[in-house]
Amino acid sequence: MIKVLFFARLREQLATDSLQLAVTENMTTEHIRQQLAQKGATWAQVMSADTLLVAVNQEITDWSHSVNSGDEVAFFPPVTGG
Amino acid sequence: MIKVLFFARLREQLATDSLQLAVTENMTTEHIRQQLAQKGATWAQVMSADTLLVAVNQEITDWSHSVNSGDEVAFFPPVTGG
Amino acid sequence: MIFVQSEDFVVADEYQRLASDNQDGAIVTFVGKVRDFNEGLGIQGLSLEHYPGMTEKVLNDIEAQARQHWPLNKVTIIHRFGDLSLGEQIVFIGVTSPHRKAAFAACEFLIDFLKTRAPFWKKERTNAGSKWLDAKASDDDHAQQWSEKLPK
Amino acid sequence: MIFVQSEDFVVADEYQRLASDNQDGAIVTFVGKVRDFNEGLGIQGLSLEHYPGMTEKVLNDIEAQARQHWPLNKVTIIHRFGDLSLGEQIVFIGVTSPHRKAAFAACEFLIDFLKTRAPFWKKERTNAGSKWLDAKASDDDHAQQWSEKLPK
(Lines give C-alpha, C1' and ligand atoms only; values in the text may rest on other atoms or scores of the structure.)
Protein backbone atom coordinates (compact mmCIF):
# COMPACT_ATOMS: atom_id res chain seq x y z
CA MET A 1 0.00 0.00 0.00
CA ILE A 2 1.02 3.60 -0.56
CA LYS A 3 -0.40 6.76 0.89
CA VAL A 4 -1.57 9.29 -1.71
CA LEU A 5 -2.09 12.96 -0.81
CA PHE A 6 -3.82 15.79 -2.66
CA PHE A 7 -3.38 19.50 -1.98
CA ALA A 8 -5.02 22.83 -2.67
CA ARG A 9 -7.16 23.08 -5.82
CA LEU A 10 -6.75 19.34 -6.44
CA ARG A 11 -7.90 18.45 -2.94
CA GLU A 12 -11.02 20.56 -3.47
CA GLN A 13 -11.78 19.32 -6.98
CA LEU A 14 -11.41 15.68 -5.95
CA ALA A 15 -13.05 16.26 -2.55
CA THR A 16 -10.27 14.04 -1.19
CA ASP A 17 -7.20 14.86 0.82
CA SER A 18 -5.71 11.39 0.98
CA LEU A 19 -6.29 7.76 0.11
CA GLN A 20 -4.54 4.41 0.29
CA LEU A 21 -3.62 2.58 -2.88
CA ALA A 22 -2.35 -0.93 -3.49
CA VAL A 23 0.83 -1.06 -5.55
CA THR A 24 2.37 -3.90 -7.49
CA GLU A 25 6.00 -4.41 -8.58
CA ASN A 26 7.68 -1.95 -10.99
CA MET A 27 5.12 0.81 -10.69
CA THR A 28 6.00 4.41 -11.46
CA THR A 29 4.41 7.76 -10.67
CA GLU A 30 2.92 7.62 -14.18
CA HIS A 31 1.15 4.36 -13.34
CA ILE A 32 -0.30 5.86 -10.19
CA ARG A 33 -1.55 8.84 -12.14
CA GLN A 34 -3.24 6.65 -14.75
CA GLN A 35 -4.81 4.47 -12.11
CA LEU A 36 -6.27 7.49 -10.31
CA ALA A 37 -7.54 8.95 -13.61
CA GLN A 38 -9.88 5.97 -13.89
CA LYS A 39 -11.77 6.87 -10.73
CA GLY A 40 -14.18 9.13 -12.68
CA ALA A 41 -14.53 12.11 -14.98
CA THR A 42 -13.21 14.70 -12.51
CA TRP A 43 -10.28 12.44 -11.64
CA ALA A 44 -9.47 11.97 -15.32
CA GLN A 45 -9.50 15.70 -15.88
CA VAL A 46 -7.43 16.59 -12.82
CA MET A 47 -4.87 13.84 -13.48
CA SER A 48 -4.31 14.95 -17.06
CA ALA A 49 -3.53 18.59 -16.24
CA ASP A 50 -0.27 19.79 -17.83
CA THR A 51 0.71 21.57 -14.67
CA LEU A 52 0.18 18.60 -12.33
CA LEU A 53 3.11 18.04 -9.98
CA VAL A 54 4.03 14.89 -8.11
CA ALA A 55 6.24 14.27 -5.09
CA VAL A 56 7.43 10.92 -3.77
CA ASN A 57 8.39 10.87 -0.09
CA GLN A 58 8.18 14.65 -0.01
CA GLU A 59 10.47 15.29 -2.95
CA ILE A 60 9.23 16.65 -6.27
CA THR A 61 9.95 14.16 -9.01
CA ASP A 62 9.00 13.20 -12.55
CA TRP A 63 6.62 10.66 -14.05
CA SER A 64 9.15 7.85 -14.34
CA HIS A 65 9.97 7.68 -10.63
CA SER A 66 9.42 4.21 -9.20
CA VAL A 67 6.91 3.83 -6.41
CA ASN A 68 7.14 1.13 -3.74
CA SER A 69 4.97 -0.02 -0.89
CA GLY A 70 5.22 2.37 2.05
CA ASP A 71 5.92 5.42 -0.12
CA GLU A 72 4.06 8.69 0.29
CA VAL A 73 2.96 10.08 -3.09
CA ALA A 74 1.52 13.59 -3.33
CA PHE A 75 -0.22 15.35 -6.21
CA PHE A 76 -0.56 19.12 -6.28
CA PRO A 77 -0.71 22.17 -8.54
CA PRO A 78 2.21 24.61 -9.03
CA VAL A 79 3.14 26.23 -5.71
CA THR A 80 2.19 29.82 -4.91
CA GLY A 81 3.73 30.60 -1.51
CA GLY A 82 5.97 33.43 -0.44
CA MET B 1 35.79 85.21 -0.86
CA ILE B 2 35.01 81.52 -0.87
CA LYS B 3 34.87 79.06 1.97
CA VAL B 4 37.16 76.03 1.58
CA LEU B 5 36.60 72.84 3.60
CA PHE B 6 38.79 69.81 4.17
CA PHE B 7 37.65 66.43 5.44
CA ALA B 8 38.99 63.21 6.93
CA ARG B 9 42.58 62.32 6.11
CA LEU B 10 43.08 65.67 4.34
CA ARG B 11 41.83 67.61 7.32
CA GLU B 12 44.33 65.80 9.52
CA GLN B 13 47.27 66.07 7.13
CA LEU B 14 46.69 69.80 6.61
CA ALA B 15 45.73 70.40 10.25
CA THR B 16 42.98 72.61 8.83
CA ASP B 17 39.26 72.04 8.56
CA SER B 18 38.38 75.25 6.73
CA LEU B 19 39.77 78.51 5.44
CA GLN B 20 38.66 81.57 3.50
CA LEU B 21 40.18 82.31 0.11
CA ALA B 22 39.95 85.34 -2.13
CA VAL B 23 38.84 84.53 -5.67
CA THR B 24 39.20 86.51 -8.86
CA GLU B 25 37.16 86.30 -12.08
CA ASN B 26 37.14 83.10 -14.15
CA MET B 27 38.63 80.84 -11.53
CA THR B 28 38.09 77.09 -11.62
CA THR B 29 38.44 74.29 -9.09
CA GLU B 30 41.83 73.58 -10.68
CA HIS B 31 43.00 77.13 -9.92
CA ILE B 32 41.93 76.75 -6.28
CA ARG B 33 43.79 73.48 -6.04
CA GLN B 34 46.99 75.02 -7.48
CA GLN B 35 46.72 78.01 -5.20
CA LEU B 36 46.39 75.79 -2.12
CA ALA B 37 49.29 73.62 -3.28
CA GLN B 38 51.58 76.60 -2.84
CA LYS B 39 50.94 76.85 0.89
CA GLY B 40 53.78 74.44 1.68
CA ALA B 41 55.20 70.99 1.11
CA THR B 42 52.35 69.08 2.79
CA TRP B 43 49.76 71.13 0.89
CA ALA B 44 51.57 70.48 -2.40
CA GLN B 45 51.55 66.76 -1.71
CA VAL B 46 47.93 66.56 -0.58
CA MET B 47 46.66 68.70 -3.45
CA SER B 48 48.43 66.57 -6.07
CA ALA B 49 46.92 63.26 -4.95
CA ASP B 50 45.33 61.31 -7.82
CA THR B 51 42.37 60.40 -5.66
CA LEU B 52 41.60 63.96 -4.50
CA LEU B 53 37.92 64.86 -4.86
CA VAL B 54 36.37 68.30 -4.99
CA ALA B 55 32.81 69.51 -4.39
CA VAL B 56 31.41 72.95 -5.15
CA ASN B 57 28.37 73.94 -3.13
CA GLN B 58 28.06 70.36 -1.86
CA GLU B 59 28.12 68.66 -5.24
CA ILE B 60 31.02 66.56 -6.45
CA THR B 61 32.47 68.08 -9.58
CA ASP B 62 35.56 68.08 -11.79
CA TRP B 63 38.62 70.33 -12.07
CA SER B 64 37.15 72.67 -14.71
CA HIS B 65 34.18 73.79 -12.61
CA SER B 66 34.06 77.58 -12.23
CA VAL B 67 34.22 79.00 -8.72
CA ASN B 68 32.64 82.30 -7.73
CA SER B 69 32.60 84.44 -4.64
CA GLY B 70 30.29 82.98 -2.00
CA ASP B 71 30.82 79.37 -3.14
CA GLU B 72 31.65 76.57 -0.73
CA VAL B 73 34.48 74.41 -2.07
CA ALA B 74 35.38 71.15 -0.32
CA PHE B 75 38.34 68.82 -0.79
CA PHE B 76 38.27 65.27 0.45
CA PRO B 77 39.50 61.74 -0.20
CA PRO B 78 37.31 58.96 -1.72
CA VAL B 79 34.32 58.26 0.53
CA THR B 80 34.17 55.16 2.73
CA GLY B 81 30.74 55.21 4.40
CA GLY B 82 28.07 52.57 4.53
CA MET C 1 16.41 28.31 11.38
CA ILE C 2 13.22 27.26 9.66
CA PHE C 3 9.77 27.94 11.07
CA VAL C 4 6.49 26.94 9.40
CA GLN C 5 3.74 28.25 11.63
CA SER C 6 0.26 29.73 11.75
CA GLU C 7 1.19 32.38 14.36
CA ASP C 8 2.46 35.76 13.32
CA PHE C 9 6.14 36.59 13.76
CA VAL C 10 7.74 39.70 15.26
CA VAL C 11 10.36 41.24 13.01
CA ALA C 12 12.06 42.97 15.96
CA ASP C 13 12.67 39.59 17.65
CA GLU C 14 13.92 37.99 14.44
CA TYR C 15 16.24 40.90 13.81
CA GLN C 16 17.59 40.64 17.34
CA ARG C 17 18.37 36.98 16.84
CA LEU C 18 20.14 37.66 13.55
CA ALA C 19 22.13 40.68 14.69
CA SER C 20 23.94 39.23 17.67
CA ASP C 21 27.25 38.45 16.00
CA ASN C 22 30.11 40.91 15.54
CA GLN C 23 31.56 38.95 12.62
CA ASP C 24 28.66 40.00 10.42
CA GLY C 25 28.80 43.35 8.72
CA ALA C 26 25.58 42.87 6.77
CA ILE C 27 22.04 41.89 7.67
CA VAL C 28 19.42 41.70 4.93
CA THR C 29 15.77 40.90 5.62
CA PHE C 30 12.75 40.43 3.41
CA VAL C 31 9.15 40.45 4.59
CA GLY C 32 6.26 39.55 2.32
CA LYS C 33 2.79 40.72 3.32
CA VAL C 34 -0.77 40.12 2.14
CA ARG C 35 -1.41 43.04 -0.14
CA ASP C 36 -4.40 44.39 -1.97
CA PHE C 37 -3.10 43.21 -5.32
CA ASN C 38 -6.29 42.64 -7.16
CA GLU C 39 -8.23 45.04 -9.27
CA GLY C 40 -10.75 46.41 -6.85
CA LEU C 41 -12.18 43.00 -5.99
CA GLY C 42 -12.26 43.85 -2.31
CA ILE C 43 -9.69 41.35 -1.09
CA GLN C 44 -10.17 40.30 2.52
CA GLY C 45 -7.16 38.08 2.86
CA LEU C 46 -5.52 34.80 1.96
CA SER C 47 -5.83 31.22 3.09
CA LEU C 48 -2.49 29.47 2.92
CA GLU C 49 -2.35 25.70 2.62
CA HIS C 50 0.89 23.75 2.85
CA TYR C 51 2.25 20.22 2.77
CA PRO C 52 3.49 19.61 6.34
CA GLY C 53 6.81 17.83 6.40
CA MET C 54 7.70 18.47 2.80
CA THR C 55 7.63 22.22 3.40
CA GLU C 56 10.29 22.03 6.11
CA LYS C 57 12.34 19.64 3.97
CA VAL C 58 12.32 21.98 0.98
CA LEU C 59 13.13 25.05 3.07
CA ASN C 60 16.05 23.26 4.74
CA ASP C 61 17.28 22.20 1.33
CA ILE C 62 17.05 25.75 -0.05
CA GLU C 63 18.95 27.07 2.96
CA ALA C 64 21.66 24.45 2.43
CA GLN C 65 21.94 25.47 -1.24
CA ALA C 66 22.31 29.14 -0.30
CA ARG C 67 25.04 28.27 2.19
CA GLN C 68 26.94 26.46 -0.58
CA HIS C 69 26.90 29.55 -2.75
CA TRP C 70 27.60 32.34 -0.26
CA PRO C 71 29.44 32.80 3.04
CA LEU C 72 26.45 33.13 5.39
CA ASN C 73 26.35 33.09 9.13
CA LYS C 74 22.73 33.16 10.29
CA VAL C 75 19.71 32.29 8.16
CA THR C 76 16.08 32.53 9.27
CA ILE C 77 13.12 31.48 7.15
CA ILE C 78 9.60 31.82 8.55
CA HIS C 79 6.48 31.06 6.52
CA ARG C 80 2.95 31.16 7.86
CA PHE C 81 -0.06 29.07 6.90
CA GLY C 82 -3.77 29.36 7.61
CA ASP C 83 -6.04 32.38 7.25
CA LEU C 84 -4.31 35.74 6.92
CA SER C 85 -5.93 39.15 6.63
CA LEU C 86 -4.98 42.02 4.37
CA GLY C 87 -1.75 43.61 5.58
CA GLU C 88 -0.63 40.58 7.60
CA GLN C 89 2.89 39.23 7.36
CA ILE C 90 3.29 35.98 5.37
CA VAL C 91 6.98 35.31 5.11
CA PHE C 92 10.26 36.42 6.69
CA ILE C 93 13.71 35.78 5.28
CA GLY C 94 16.75 37.08 7.11
CA VAL C 95 20.42 36.42 6.43
CA THR C 96 23.67 37.71 7.84
CA SER C 97 27.10 37.66 6.27
CA PRO C 98 30.44 39.41 6.55
CA HIS C 99 29.72 40.71 3.02
CA ARG C 100 26.71 42.73 1.93
CA LYS C 101 26.63 41.40 -1.64
CA ALA C 102 26.41 37.85 -0.29
CA ALA C 103 23.65 38.83 2.14
CA PHE C 104 21.55 40.48 -0.58
CA ALA C 105 22.05 37.69 -3.09
CA ALA C 106 21.30 34.92 -0.61
CA CYS C 107 18.17 36.62 0.72
CA GLU C 108 16.81 37.08 -2.79
CA PHE C 109 17.81 33.54 -3.79
CA LEU C 110 15.95 32.13 -0.76
CA ILE C 111 12.69 33.92 -1.50
CA ASP C 112 12.91 33.15 -5.24
CA PHE C 113 13.32 29.44 -4.57
CA LEU C 114 10.82 29.39 -1.74
CA LYS C 115 8.27 30.84 -4.16
CA THR C 116 8.85 28.19 -6.80
CA ARG C 117 9.79 25.12 -4.72
CA ALA C 118 8.14 25.18 -1.30
CA PRO C 119 4.71 23.50 -1.23
CA PHE C 120 2.48 26.41 -0.22
CA TRP C 121 -0.74 27.39 -2.00
CA LYS C 122 -2.60 30.66 -1.67
CA LYS C 123 -6.34 31.04 -1.88
CA GLU C 124 -7.63 34.57 -2.06
CA ARG C 125 -10.73 35.52 -0.11
CA THR C 126 -12.58 38.44 -1.69
CA ASN C 127 -16.03 39.97 -1.38
CA ALA C 128 -16.90 38.01 -4.53
CA GLY C 129 -15.86 34.61 -3.12
CA SER C 130 -12.60 32.73 -2.82
CA LYS C 131 -10.23 31.56 -5.53
CA TRP C 132 -6.92 29.70 -5.76
CA LEU C 133 -4.15 31.87 -7.13
CA ASP C 134 -2.30 30.73 -10.23
CA ALA C 135 1.46 30.38 -10.21
CA LYS C 136 3.21 33.23 -11.95
CA ALA C 137 5.52 32.62 -14.88
CA SER C 138 7.64 35.54 -13.67
CA ASP C 139 8.39 33.64 -10.44
CA ASP C 140 9.67 30.68 -12.45
CA ASP C 141 11.78 33.05 -14.53
CA HIS C 142 13.34 34.60 -11.43
CA ALA C 143 14.29 31.20 -10.06
CA GLN C 144 15.69 30.07 -13.40
CA GLN C 145 17.80 33.18 -13.82
CA TRP C 146 19.88 32.11 -10.81
CA SER C 147 21.50 29.39 -12.87
CA GLU C 148 23.31 32.15 -14.78
CA LYS C 149 24.22 34.42 -11.92
CA LEU C 150 25.25 32.07 -9.12
CA PRO C 151 28.82 32.54 -7.88
CA LYS C 152 31.15 29.71 -8.91
CA MET D 1 13.08 59.71 4.92
CA ILE D 2 16.73 60.55 5.44
CA PHE D 3 18.42 60.67 8.84
CA VAL D 4 22.07 61.49 9.44
CA GLN D 5 22.64 61.18 13.16
CA SER D 6 25.07 60.18 15.87
CA GLU D 7 22.44 58.30 17.91
CA ASP D 8 21.76 54.64 17.31
CA PHE D 9 18.56 53.57 15.53
CA VAL D 10 16.06 50.88 16.49
CA VAL D 11 15.31 48.48 13.64
CA ALA D 12 11.95 47.51 15.17
CA ASP D 13 10.76 51.15 15.03
CA GLU D 14 12.01 51.62 11.49
CA TYR D 15 10.33 48.41 10.37
CA GLN D 16 7.08 49.55 11.98
CA ARG D 17 7.19 52.80 10.07
CA LEU D 18 7.87 51.02 6.79
CA ALA D 19 5.30 48.27 7.20
CA SER D 20 2.18 50.33 7.76
CA ASP D 21 0.80 50.26 4.23
CA ASN D 22 -1.36 47.45 2.80
CA GLN D 23 -0.42 48.34 -0.78
CA ASP D 24 3.08 47.02 -0.19
CA GLY D 25 3.71 43.33 -0.56
CA ALA D 26 7.46 43.55 -0.04
CA ILE D 27 9.71 45.11 2.57
CA VAL D 28 13.48 44.77 2.21
CA THR D 29 15.90 46.12 4.80
CA PHE D 30 19.66 46.27 5.01
CA VAL D 31 21.68 46.97 8.14
CA GLY D 32 25.43 47.48 8.10
CA LYS D 33 27.32 47.04 11.35
CA VAL D 34 30.86 47.64 12.60
CA ARG D 35 32.50 44.31 12.19
CA ASP D 36 35.81 42.82 13.15
CA PHE D 37 37.08 42.87 9.59
CA ASN D 38 40.76 43.19 10.16
CA GLU D 39 43.33 40.52 10.60
CA GLY D 40 43.54 40.20 14.33
CA LEU D 41 44.49 43.84 14.88
CA GLY D 42 42.12 44.11 17.79
CA ILE D 43 39.63 46.54 16.30
CA GLN D 44 37.79 48.61 18.91
CA GLY D 45 35.52 50.49 16.58
CA LEU D 46 35.18 53.19 13.96
CA SER D 47 35.06 56.95 13.96
CA LEU D 48 32.80 58.22 11.20
CA GLU D 49 33.28 61.71 9.86
CA HIS D 50 30.87 63.29 7.39
CA TYR D 51 30.24 66.50 5.47
CA PRO D 52 27.09 67.94 7.06
CA GLY D 53 24.68 69.32 4.51
CA MET D 54 26.23 67.58 1.51
CA THR D 55 25.51 64.20 3.06
CA GLU D 56 21.77 64.86 3.27
CA LYS D 57 21.80 66.30 -0.25
CA VAL D 58 23.49 63.21 -1.72
CA LEU D 59 21.21 60.79 0.14
CA ASN D 60 18.10 62.66 -1.02
CA ASP D 61 19.43 62.57 -4.56
CA ILE D 62 20.14 58.83 -4.40
CA GLU D 63 16.63 58.21 -3.08
CA ALA D 64 15.16 60.27 -5.93
CA GLN D 65 17.16 58.22 -8.45
CA ALA D 66 15.91 54.96 -6.97
CA ARG D 67 12.33 56.21 -7.16
CA GLN D 68 12.83 56.94 -10.86
CA HIS D 69 13.91 53.37 -11.51
CA TRP D 70 11.49 51.36 -9.38
CA PRO D 71 7.93 51.66 -8.03
CA LEU D 72 8.71 52.34 -4.37
CA ASN D 73 6.42 53.45 -1.63
CA LYS D 74 8.44 54.10 1.52
CA VAL D 75 12.19 54.63 1.67
CA THR D 76 14.23 55.12 4.84
CA ILE D 77 17.95 55.82 4.90
CA ILE D 78 19.73 56.28 8.24
CA HIS D 79 23.48 56.74 8.55
CA ARG D 80 25.31 57.41 11.78
CA PHE D 81 28.45 59.45 12.40
CA GLY D 82 30.79 59.79 15.37
CA ASP D 83 32.47 57.07 17.41
CA LEU D 84 31.00 53.57 17.03
CA SER D 85 32.07 50.41 18.82
CA LEU D 86 32.49 46.92 17.42
CA GLY D 87 29.07 45.43 16.68
CA GLU D 88 27.24 48.75 16.56
CA GLN D 89 24.85 49.60 13.76
CA ILE D 90 26.15 52.07 11.16
CA VAL D 91 23.55 52.25 8.41
CA PHE D 92 19.92 51.27 7.79
CA ILE D 93 18.24 51.12 4.39
CA GLY D 94 14.60 50.09 4.16
CA VAL D 95 12.31 50.14 1.15
CA THR D 96 8.78 48.97 0.46
CA SER D 97 7.16 48.21 -2.86
CA PRO D 98 4.26 46.26 -4.29
CA HIS D 99 6.93 44.10 -6.00
CA ARG D 100 9.69 42.18 -4.27
CA LYS D 101 12.18 42.44 -7.15
CA ALA D 102 11.84 46.23 -7.07
CA ALA D 103 12.31 46.28 -3.30
CA PHE D 104 15.47 44.15 -3.44
CA ALA D 105 16.97 46.05 -6.36
CA ALA D 106 16.25 49.48 -4.89
CA CYS D 107 17.63 48.56 -1.46
CA GLU D 108 20.86 47.27 -2.98
CA PHE D 109 21.10 50.25 -5.34
CA LEU D 110 20.74 52.64 -2.39
CA ILE D 111 23.53 51.07 -0.34
CA ASP D 112 25.81 50.71 -3.39
CA PHE D 113 25.45 54.41 -4.22
CA LEU D 114 25.58 55.53 -0.60
CA LYS D 115 28.94 53.72 -0.31
CA THR D 116 30.43 55.45 -3.34
CA ARG D 117 28.73 58.86 -3.31
CA ALA D 118 27.80 59.95 0.22
CA PRO D 119 30.56 61.95 1.96
CA PHE D 120 31.34 59.73 4.94
CA TRP D 121 34.80 58.61 5.98
CA LYS D 122 35.69 55.78 8.33
CA LYS D 123 38.63 55.77 10.67
CA GLU D 124 39.39 52.49 12.35
CA ARG D 125 40.40 52.46 16.00
CA THR D 126 42.52 49.44 16.89
CA ASN D 127 44.81 48.46 19.73
CA ALA D 128 47.68 49.52 17.46
CA GLY D 129 46.34 53.04 16.86
CA SER D 130 43.84 54.56 14.46
CA LYS D 131 43.90 54.65 10.68
CA TRP D 132 41.69 56.01 7.87
CA LEU D 133 40.21 53.24 5.75
CA ASP D 134 40.90 53.26 2.02
CA ALA D 135 38.05 53.21 -0.47
CA LYS D 136 37.49 49.78 -2.00
CA ALA D 137 37.66 49.29 -5.76
CA SER D 138 34.96 46.63 -5.40
CA ASP D 139 32.53 49.27 -4.09
CA ASP D 140 33.12 51.38 -7.19
CA ASP D 141 32.60 48.31 -9.35
CA HIS D 142 29.28 47.56 -7.67
CA ALA D 143 28.01 51.09 -8.26
CA GLN D 144 29.18 51.06 -11.88
CA GLN D 145 27.51 47.75 -12.63
CA TRP D 146 24.12 49.37 -12.10
CA SER D 147 24.49 51.23 -15.40
CA GLU D 148 24.04 47.86 -17.12
CA LYS D 149 21.28 46.43 -15.00
CA LEU D 150 18.94 49.35 -14.32
CA PRO D 151 15.38 48.86 -15.55
CA LYS D 152 14.57 51.02 -18.60
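We call the chains A, B, C and D, going by the order they appear; numbering starts again at 1 in every chain.
Throughout what follows, a residue touches a chain if its C-beta (ideal position, glycine included) is under 8 Å from a C-beta of that chain, and two chains touch if they have at least 3 such contacts.
A quick note: this is a predicted structure, and the numbers were derived from the prediction, not measured.
**Student:** In how few steps can one go from chain A to chain C if every step must land on a touching chain?
**Tutor:** 1
**Student:** Looking at every pair of chains, which two share the most C-beta contact pairs?
**Tutor:** After tallying contacts for each pair, the winner is C-D.
**Student:** Based only on mean CA positions, could you tell me how far chain A sits from chain B in angstrom?
**Tutor:** Roughly 73 Å separates the two chain centres.
**Student:** In angstrom, rounded to a whole number, how far apart do the mean CA points of chain B and chain C lie?
**Tutor:** 48
**Student:** Need the CA-centroid distance for the pair chain B / chain D, whole Å please.
**Tutor:** 26
**Student:** Name the residues of chain C that each touch 2 or more other chains.
**Tutor:** Where chain C meets two or more other chains at a single residue, that happens at 32, 111.
**Student:** Please output the residue numbers of chain B that touch at least 2 other chains, ranges allowed.
**Tutor:** Not one residue in chain B touches at least two other chains.
**Student:** Hey, which chains are touching each other here?
**Tutor:** Pairwise, the chains that meet the contact rule are A-C, B-D, C-D.
**Student:** Given the complex with chain C, which residues does chain D contribute to the contact?
**Tutor:** Per the touch definition, chain D meets chain C at residues 11-12, 15, 19, 22-37, 86-87, 89, 98, 100-101, 103-104, 107-108, 111, 142.
**Student:** Can you list the chain A residues touching chain C in their complex?
**Tutor:** Against chain C, chain A makes touches at 5, 7-9, 11-12, 51, 55, 58-60, 74, 76-82.
**Student:** Quick check on the complex: what are the chain C residues that touch chain A?
**Tutor:** On the chain C side, the touching residues are 32, 48-51, 53-54, 57, 79, 90-91, 111, 114-123, 132-136, 139.
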